[in-house]
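First comes the structure, then the notes that go with it.
As written, the chain order gives the labels A, B, C, D and E, with residue 1 at the start of each chain.
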């Protein structure tokens, strides 16, 4: 009974870690790493639910009856692309912030902003 | 293992190590995807999570400095938020169908048609490809546009105007660096054509095995990354023109879209491939082929644009300002 | 014939696994970077080759064999090259091998003045 | 036999990760990552055999390539970085 | 071609964006973008007309039937939203050329228009689609382009604002993704119509509860609803003026639409509001949001910040109207959606004009502007009056409907608080008026002239529309009512 969900629980732990990095850490690059961990764990979640015991990869071949569900795979392919797009943009922003502020720490940037005002 | 790596990333302060660990994380999750039967996804995750995004992070770190400040602010609040989210999710798992059970609703409702009928309707053994490029072609179109948007966004943020003397300076710096890499260069010269060939294989074999336009695009771009890293930006610039890449990216999106427009002009719904040929199944084949080509074009060129802009910026930018100032 | 193939494939796999493990122990237990690299660099190529050969013998399908062969070729090219580049970079940045005399010294001097 | 090899590789992967996390110097980490990558290639190929669908070796090829490229990338950019860091220290 | 309108609506701007790269002259690209946006406007008008006369339009993309393929499902609500977005986009674009020249470096102009079109297409896509995952994809198109657009702002704080927005927005999107995943897991479908049929069977499970919670939180992050609004003020304040005018009028509206769509169409009213304490939560948060944001707005020194906070307050009104779950409340919300888009785009465009002339929007620099830029400032005043809800402006109409809906529900205190909130708006609008009309001009600013015509035309178009719809309410009210009727499944 308990073991039936163990896979999902691991995913949840991963999600929490990624989410924690995003919220708690001040370094911009690290935040983006956290974000990608968070997203990756969501991907794992989707893929886990597509799995069928005894199933195999959804590429048709002779003599195989049971296939895993292909739809989540498709969705996650799209989501991975979205993820890398976000990462690239976020990193680009971080680079520009570094050039403009001379720092990539959240607190320093906020201090400098307060000085500006 | 994934959990272990993730925890390590929390504690690690050195950004360089973090980016490497995130590469490991990508590889690990990709292996997990293989174990979960999601070969296409594993393919993508390996090339994206472990390859491209790690590289981008590295280049970004060269520009931003590698250490993280040990400032810890309000971790308690963050922990609280995270725990609320986490426990909500655990609560949610309680009524979920069991992992791997075939009776779960997702295996009952929409998916069976894909598995049972896609061979007659589309004629492509890889179900993921047929769902991706035909049943849910519009999602994939959105995906291509997302990647195109990212390319344009990075271009808008990072593009630099290069001056002649800069280029010469960088050239001399690069030349001094590259004399050390003789072995690497030779091996790379042997590998790069192979990688490109392999990319084409992945592109056109995507109907039968894992792979497709996106993966092929990334692999092709990876070959160019390798070239750029070993032979220097300016050499790469000579081979690949930036504005040409932009045109290529745009034409990939347009190619994809035009397939849809053709079906519109023939009075069918957008992305209805059956108009492309007298036989609907052949039409589907053609449609998927063209669409995947569009995806591959856009992805490869956008990846190259992104990488060039990052790397070009990093070579042009002055050494980072001292952090104590 | 079948059994011979099966048997030899098993032998290869076994040797490969053993080499893998020894490499793993090496990377964990050796004292400094160069020795670790030695452990990994040497075992890695051979172990991979062994395991892949084992798999080739295991499988009768032609296409799969070709792919395995490609992987094999690539590892033979890539992993020594990577080790070479790594060692060179490390040396280039003045990472000193640990000698007996300074085995207790701090080994975190990654950076140095002159590239 | 396949299973045994799988377990062995798994163990080695854990060892590599340990080194990547502990690894005092940057190069130790790169080494560990590289090793991890090759082991993943093996893991994937063996996994393919165990699951009875060995056609998917393409993925393993990609892994090998990506691994190589990322190691080169790390080396290339860490060179840059260390160069810059030392410049900074001089100031 | 008429049957293809739903997809053309989205596909035209989407395909036009890469085409822009081929036209390298910024002026040309601007003209092209304007034409494209105008076309989208035309199409949305036609669509609305079609929907009003013949009911919901269903369009199967790729020729596959709904649960297997992706479908576009245009009902009255979507059509209304599509019209708002494309009309505002077109009007705002008229001023773009002039404004962009001043605020963005020349080599980025083409990129700006590409991103603008992509963002427009993304929003249209979110609204038009009937597939839950497709929503996510288009959400990302519109938000990625939004991040880049905001970062194009001149100030370095624009970068930081954009980064914060990126983090918050991505968390929001990922939450939505989790929500969609959980729903999919329980039902096996991604199509909204199909989901709404299959969800009631499993609505008692905890998984569906969790899915709902994640979706709501994710959407509220995008919506900048009160406790989750932190990214919005800076993002609006430092983005290029055109971008602010466009997003202030449309981006949050799209999020409200998603909220309505998911709670009412997908999960169904009874699930959303009886199993969940959503009503209480939303009323309280909406009201608190109105008061806190309005109060903060009073203390702002930058007018762009001021109006950004006022936007958060206005979102509060929409949330309150929505949470009444009655036809009247929904009508009021939809009206306010439309009206707020009119006012805010006019206000931010006027600020863009001020920015164009004096290079800043700090409140202190507004001294004496009332005489130097009379038309622009008059527009700001009328817009401000509309925010307060003075009769003869659209603001009055939507507040009126909102208060009436609250009274109809028997929520007297809520009605009173809504009126009280308007008083706060009086204070912050008055500060601008005071600065602009009752203070002498700063020394050395005598040369400031009225804004160029390319600004005045769109601003006054919006303002006149504002007054027109404030007096002749038949059209807007009729459409809003029809939309809310179709939402509650009542045939008119």
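Heads up, the rule we're going with is that a residue touches a chain if its C-beta (ideal position, glycine included) is under 8 Å from a C-beta of that chain, and two chains touch if they have at least 3 such contacts.
Owing to the predicted nature of the structure, the values given are computational and were not obtained by experimental measurement.
Novice: Would you mind naming the chains that touch subunit A and likewise touch subunit B?
Specialist: Touching subunit A as well as subunit B, we find D, E.
Novice: So, comparing C-alpha centroids, which chain is the farthest one from subunit A?
Specialist: C
Novice: Using mean CA coordinates as chain centres, what's the gap between subunit A and subunit C in Å?
Specialist: 31
Novice: Rounded to the nearest whole Å, what is the centre-to-centre distance of subunit B and subunit C, using the mean of the C-alpha atoms as each centre?
Specialist: Going by mean C-alpha positions, subunit B sits 28 Å from subunit C.
Novice: As a quick test, compute the distance in whole Å between the mean CA positions of subunit B and subunit D.
Specialist: 19
Novice: Centroid of subunit D to centroid of subunit E, CA atoms only: how many Å?
Specialist: Subunit D and subunit E have C-alpha centres separated by 47 Å.
Novice: Give the residues of subunit B that touch two or more other chains, as numbers and ranges in rising order.
Specialist: 37, 39, 61, 65, 89, 93-94, 96-97, 104, 106-107, 110-111, 114, 136, 139, 142-143, 146, 149-150, 153, 157, 184, 191, 209-210, 320
Novice: Where in subunit C do residues touch two or more of the other chains?
Specialist: Correct list: 74, 78, 81, 85, 92.
Novice: Of all the residues in subunit A, which ones touch at least 2 other chains?
Specialist: 15, 19, 28, 49, 56-57, 59, 61, 71-72, 75, 78, 82, 85-86, 89, 93-94, 96
Novice: Touching pairs of chains, all of them, please.
Specialist: A-B, A-D, A-E, B-C, B-D, B-E, C-D
Novice: Provide the residue numbers of subunit D that touch subunit C in the complex, in ascending order.
Specialist: Checking each residue of subunit D against subunit C gives 1-2, 4-5, 8-9, 11-12, 15-16, 18-19, 24-28, 30-32, 34-35, 38-39, 41-42, 45-46, 49, 54-55, 57-58, 60-61, 64-65, 67-68, 71-72, 75, 78-79, 82-83, 85-86, 89-90.
Novice: Name, in rising order, each residue of subunit B that touches subunit D in their complex.
Specialist: Interface residues on subunit B, with respect to subunit D: 1, 4-5, 8, 12, 16-17, 20-21, 23-24, 27-28, 30-31, 34-35, 37, 39, 42-43, 46-47, 50-51, 54-55, 58-59, 61-62, 65-66, 177, 184, 188, 191, 195, 198, 201-202, 205, 209-211, 215, 219, 222, 225-226, 229-230, 314, 319-320, 322.
Novice: Which of the residues in subunit E come into contact with subunit B in the complex?
Specialist: 4, 7-8, 11, 14-15, 17-19, 21-22, 59-64, 67-70, 107-108, 111-112, 114-115, 118, 121, 125, 131, 133-134, 137-138, 140-141, 144-145, 147-148, 151-152, 178, 182, 184-190, 198, 202, 205-211, 213-214
Novice: Give the list of subunit A residues in touch with subunit D in this complex.
Specialist: Against subunit D, subunit A makes touches at 56-57, 59, 61.
Novice: In the complex formed with subunit D, which residues of subunit C make contact?
Specialist: Touching subunit D: residues 9-10, 13-14, 16-18, 20-21, 23-25, 27-28, 33, 36-37, 40, 44, 48, 51-52, 54-55, 58-59, 61, 63-64, 67-68, 70-71, 74-75, 78-79, 81-83, 85-86, 89-90, 92-93, 95, 107-108, 110-115 of subunit C.
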